[in-house]
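Since the structure comes first, as structure tokens, the remarks are kept for the end.
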Amino acid sequence: GRFGGYGGQYVPEALMPAIEELRDAYERYVLHNEDGFMDELRAHLADFGGRPTPLQRADQLSERYDTEVYLKREDLLHGGAHKLNNALGQVLLAKYMGKERIIAETGAGQHGTATAMAAAHLDMPAEIFMGETDIERQRPNVFRMELNGATVTPVTTGRGTLKEAISETMRDWATNVEDTHYVIGSIVGPDPFPEMVRDFQSVIGDETHEQILAKTGDTPDSIVACAGGGSNTMGAFHEFRDKEDVDLIAVEAGGSSLEVDEEAGVAPNSATLSTGEEGVLHGARTKLLQDEDGQIMESHSVSAGLDYSGVGPELAYLVDTGRVEAVNVDDKTALESFHRVSRLEGIIPALETAHAFGYLEENPDAVGDVTVVNVSGRGDKDLESVVEETKERDLDVETASSVLQEAKE
Amino acid sequence: GRFGGYGGQYVPEALMPAIEELRDAYERYVLHNEDGFMDELRAHLADFGGRPTPLQRADQLSERYDTEVYLKREDLLHGGAHKLNNALGQVLLAKYMGKERIIAETGAGQHGTATAMAAAHLDMPAEIFMGETDIERQRPNVFRMELNGATVTPVTTGRGTLKEAISETMRDWATNVEDTHYVIGSIVGPDPFPEMVRDFQSVIGDETHEQILAKTGDTPDSIVACAGGGSNTMGAFHEFRDKEDVDLIAVEAGGSSLEVDEEAGVAPNSATLSTGEEGVLHGARTKLLQDEDGQIMESHSVSAGLDYSGVGPELAYLVDTGRVEAVNVDDKTALESFHRVSRLEGIIPALETAHAFGYLEENPDAVGDVTVVNVSGRGDKDLESVVEETKERDLDVETASSVLQEAKE
Amino acid sequence: MTANSEIGAVFESGEPAFIPYLVAGDPEYEASLEYVEALERGGADIVELGLPFSEPIAEGPTIQNAIVRSMEGGMTPDRFFAFVEELDVGIPLVCMTYYNLIFQYGSEAGPRPFVKRAAEAGIAGLVVPDLPAEEADPLRDACDEYGLDLVFIVAPTTRGDRLKTIMDQVSGYVYVQARLGTTGARDDVSDQTDESLARLREWDVPKAVGFGIKTGEHAERIVSAGADGIIVGSALVDIVADGADSGESTEAVADRLEAKARELKDGALRGTPSAAVED
Amino acid sequence: MTANSEIGAVFESGEPAFIPYLVAGDPEYEASLEYVEALERGGADIVELGLPFSEPIAEGPTIQNAIVRSMEGGMTPDRFFAFVEELDVGIPLVCMTYYNLIFQYGSEAGPRPFVKRAAEAGIAGLVVPDLPAEEADPLRDACDEYGLDLVFIVAPTTRGDRLKTIMDQVSGYVYVQARLGTTGARDDVSDQTDESLARLREWDVPKAVGFGIKTGEHAERIVSAGADGIIVGSALVDIVADGADSGESTEAVADRLEAKARELKDGALRGTPSAAVED
């Protein structure tokens, strides 16, 4: 559970036995396929989730960048993002562990909807904690979770966003730890979560490896993935960790600026890997956006899914060792890339994913001759934000959209 | 181009040469794989579209109905519905034919978004005609089409809905027929469209056959699919047309009632196969919702995608011959099924698809021991309608949804 | 192939035929009767009368809107026939409508009851824009039985074998579509018209050109290019629409229609080769 | 394993220890000083002082809100130490905070600068709710170096080897979590408390029970079950919150805190075996 100095288990004592139990279950079922756990998981991922997802050559982007650009299409997974890989894995594991209830936190709602879907599919009751501000902003996702039979519990503390929802879910877990499993949504939290979530997501890289070999006969020169918590990132990278000639590029949200506002306690970005400092948050030692005292700062990104003040400890470690390169792309570039990729490829990427494409646009020569971009999710969820955010900016967008035009008026 | 007395080519003379050219291209490229057309299409469907889609056993529904229920997961196709199978096929065909421009009509926006995606992917300019009333109701889909680089042209005639959009697209085609291909969205329109669209969609049934054999060793006892125009229906059925022991069940929208209001010229349903009369509309002889004089009546369904006054001529023929059974499910049952399937299976079906599930709920003994339901699309697009429609009704919905609760207040 | 002697007589006169089009019942029944009669006074040789269908896929916006007005006024096939019977004109009337109305009419399946009733009402011919020659046999048979002409449209895209098929079936006159697109008045006359007329030269069937003719000059230009007649719809329907929108009196609108008809008829006459010689 | 003689002395007295908790700086700096002093007057034997952290994952709503009030009032680690130095009390103070604040403090990496400064300010011990024994070595070393006790929490779920690991590391007292969940006042006292105390009987470390103690009766019940002390947080923070909400004077709130402290202390005293015998 350690990645260099990062990782560990910084949680209330009441949770430690559950975490030890989870570690044990993880080793038995996930690592050693006890009772055929991994076989069952793979079957659910295939039949319910739609795996394998395709690896597609992006014809127009390849031409634009004079580079073979391949897209790993996690946007085609059930629910519209890579999140289900992990949610299905953990809910199934909870079942194997004899747990009777699932809890999860959600910010914009992506992990919550994936967990609700997985819980319905596997017939487990689920309660999703969500900040009341986020609930207001994400009604459709709240409704999707409820349609899938989950209870969505508003978190009214603090600003009512993701951080508070995580803390509240930890509290529920501390209260109901004996029959309840907490499905953490990224490669964050106490050990074994970072390792386990990475393993559940590593199906992305496993498939990519096989598919790129079939298509090109070789490993790619680089893999580009956006990084918030980092689960799609590590999912795409893990398989290639020992292949030193494959550059692993993690693209963080540069937000509106990399400068922090210490007074307000706000970092107008989520570039934790690039600008954060080591600390302890939500159960793990990792890089954080924090002030001098160690208070956690509000992060910001145009993409809700990257908008988090921490990052997975393993990713922090791999950046320190140089195996993974941490770069960042700002809100404006991400928005422009959202429009460009939609127009050129007929794929509307999630705003998270648009950051990865933004890196490609700004650094077409840095990715080698063959690159894979992990399309972590689809952008249907982001349409309202995009209209809103595009309105405020003078973007270089070629699309002549009546909807955008109207919004500007 | 004939299905019994149905089908044919009832179009303005100006279009006849284009239709003859299309017939020729269809036979060469689609039926005889000239220049490897079908191979290229299959590659696009796999890499860009995400085919094959899974055939999944629905565990909770199987238990509920004491029947093996399998789901053909077209909701996992890129864009969220089966529509892309046809759109990709036709846009690629237009390219092979040397056309330089794509036009299409759309009602709720599903076919329009699929066409816009396919056109972007294959680098073809696209113009989508959409009634202005529908544009108002479906802003997100308008934006999706525009993001994919398509021009969305409002149709201001009549009530500004699907019928008018079809007529307007035909007019554009009649004007620009020499360089333009009209991508019709269902198995309707003049020959060769019904046959060609069916062939593009029949990949659904082809995969289903192979998958169900792998899972059960036998063909299913029945296949249940919703039917508006009928493209997902024929797509699912075609492969099994000669297997007489497979019941083919087409579920139409019963709307609020099967009774028509001749005075108002409105049929409060879209049950064309069950209640329509033979006539000629939009290029083909088929069953129609029409008044005594032959004027086309407005149809109605809670599901926009089934809300059409006509139906594919081949489906009309197969119902006449008894090979396909036409049944219908009303708005209320469809809405309840939407909620039930979402809650039990973790799959939010399109309201169209919910009609097929409604039939299963009302007739669990009529589908044999093994049935396949074609999940024609996902229901994310329907969330607003469902809130709206659920509000007005006293539904038997177990989900305790805060969003619904709020809407009721 | 002329089945109806009335229409045949028009073209046998040697003068170019002026064939105006209006939607029957636009904007309402009584006024519409007067408008058709005004066209005759203005020099119409044949009138094409639109029977409105709810899905007019071949029409541009002008005629679409006329169809909506007529249907909202209660126009039906039976009312249409009553309208025709009530009309006080001495020139042949051609009914233009879509196939579904023909197909549905009466108790018997197929087009026969419609054609029978049309003949009784005094209709001389039919034009069905969504019925290509390939699908026309049943209607052709019924028209032959009841002595109606069946007019077909030839488009700029109609070539080779298709052209032959159509020209073998057409009767009364062939409707030469002046350009691609839908009905509607334009400011120019397409070169496509010349090409179409050239392709049709070898057939001894009257050629009436329609789509986009708006002025006497257009009419002159088209007749001088070899047309035996001109068909004008939208330019006249525009006058009806203006009248309906501005609340003009029926008489005033009728006068304007008559004047416009005269302009078009005079233009057509100016275009005849003999007229050119006499100038 | 008692590193700090102050805390050791409290438990050596034989009387059950009453350990109230408040968030330093809640609702603001000056009043908070008075409130802590009032607790001493009410009979507190040790005070746990919360240093607020932005993500208090182990706290219930009452203390979360107190933390928000304190942080909005500008509380920081440095202000906290100033606060401790300014306090006029004669009893040991234990700092309760989350590990990130300890980890970040000062220029040197790790917990040493924080512990050094805490010792200078007069802090006698630390409780860190998100630092289990497994991760505690660096902090344990620093505490040993500067003579601070490091209090660990034992939960109802803590059994077997884990319990042993913790009890081997704890100093000052062990914080026995009365029930699962987060901090917060409840109306009942859990059976889990009895079980936890039974499990801990074999270790010769003072056992202070916290989580949910609200009244003198609770305190009595818990001491009679074998606890060496009681820890009360939310019931006292509620009084501070009420005062802040209603605009009560600092003195009035301080009086209420003192009275509540006395009730709890008296309850604890009633629960001692000797007290029971004497009754």
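We just call them A, B, C and D in the order they show up, numbering each chain from 1.
What we mean here is this: contacts are C-beta pairs under 8 Å (C-beta built on N, C-alpha and C of every residue); 3 or more make two chains touch, one makes a residue touch a chain.
On a predicted model such as this, the values are computed, not experimentally measured, just so you know.
Colleague: Please give the intersection of the contact partners of chain B with those of chain C.
Modeller: Both chain B and chain C are touched by no common chain, going by the contact rule given at the top.
Colleague: Report the inter-chain centroid distance for chain C and chain D in whole angstrom, where each centroid is the mean of the CA atoms.
Modeller: That pair's centroid distance is 97 Å.
Colleague: Cα centroid separation between chain B and chain D, in whole Å?
Modeller: Roughly 66 Å, centre to centre.
Colleague: If you average the CA atoms of chain A and of chain B, how many Å lie between those two points?
Modeller: 34
Colleague: Pull out every residue in chain D that's touching 2 or more other chains.
Modeller: none
Colleague: Scan chain B for residues touching two or more other chains and write them down.
Modeller: Nothing qualifies.
Colleague: Considering every pair of chains, which are in touch?
Modeller: A-B, A-D, B-C
Colleague: Tell me, which parts of chain A touch chain D in their complex?
Modeller: 8-14, 16-18, 20, 157-158, 163, 166-167, 170-171, 174-178, 265, 277-283, 285, 288, 290, 292-296
Colleague: Touching chain A in the complex: which residues of chain B?
Modeller: Per the stated touch rule, the residues are 46-48, 50, 53-57, 59-60, 73, 75-78, 80, 116-121, 123, 139-140, 142-144, 146-149, 151-152, 339, 342-348, 380, 383, 387, 399-404.
Colleague: List the residues on chain C that touch chain B in their complex, please.
Modeller: Counting only chain C, the residues touching chain B are 53-61, 64-65, 68, 71, 76-78, 98-105, 109, 129-135, 152-159, 162, 166, 177, 180-182.
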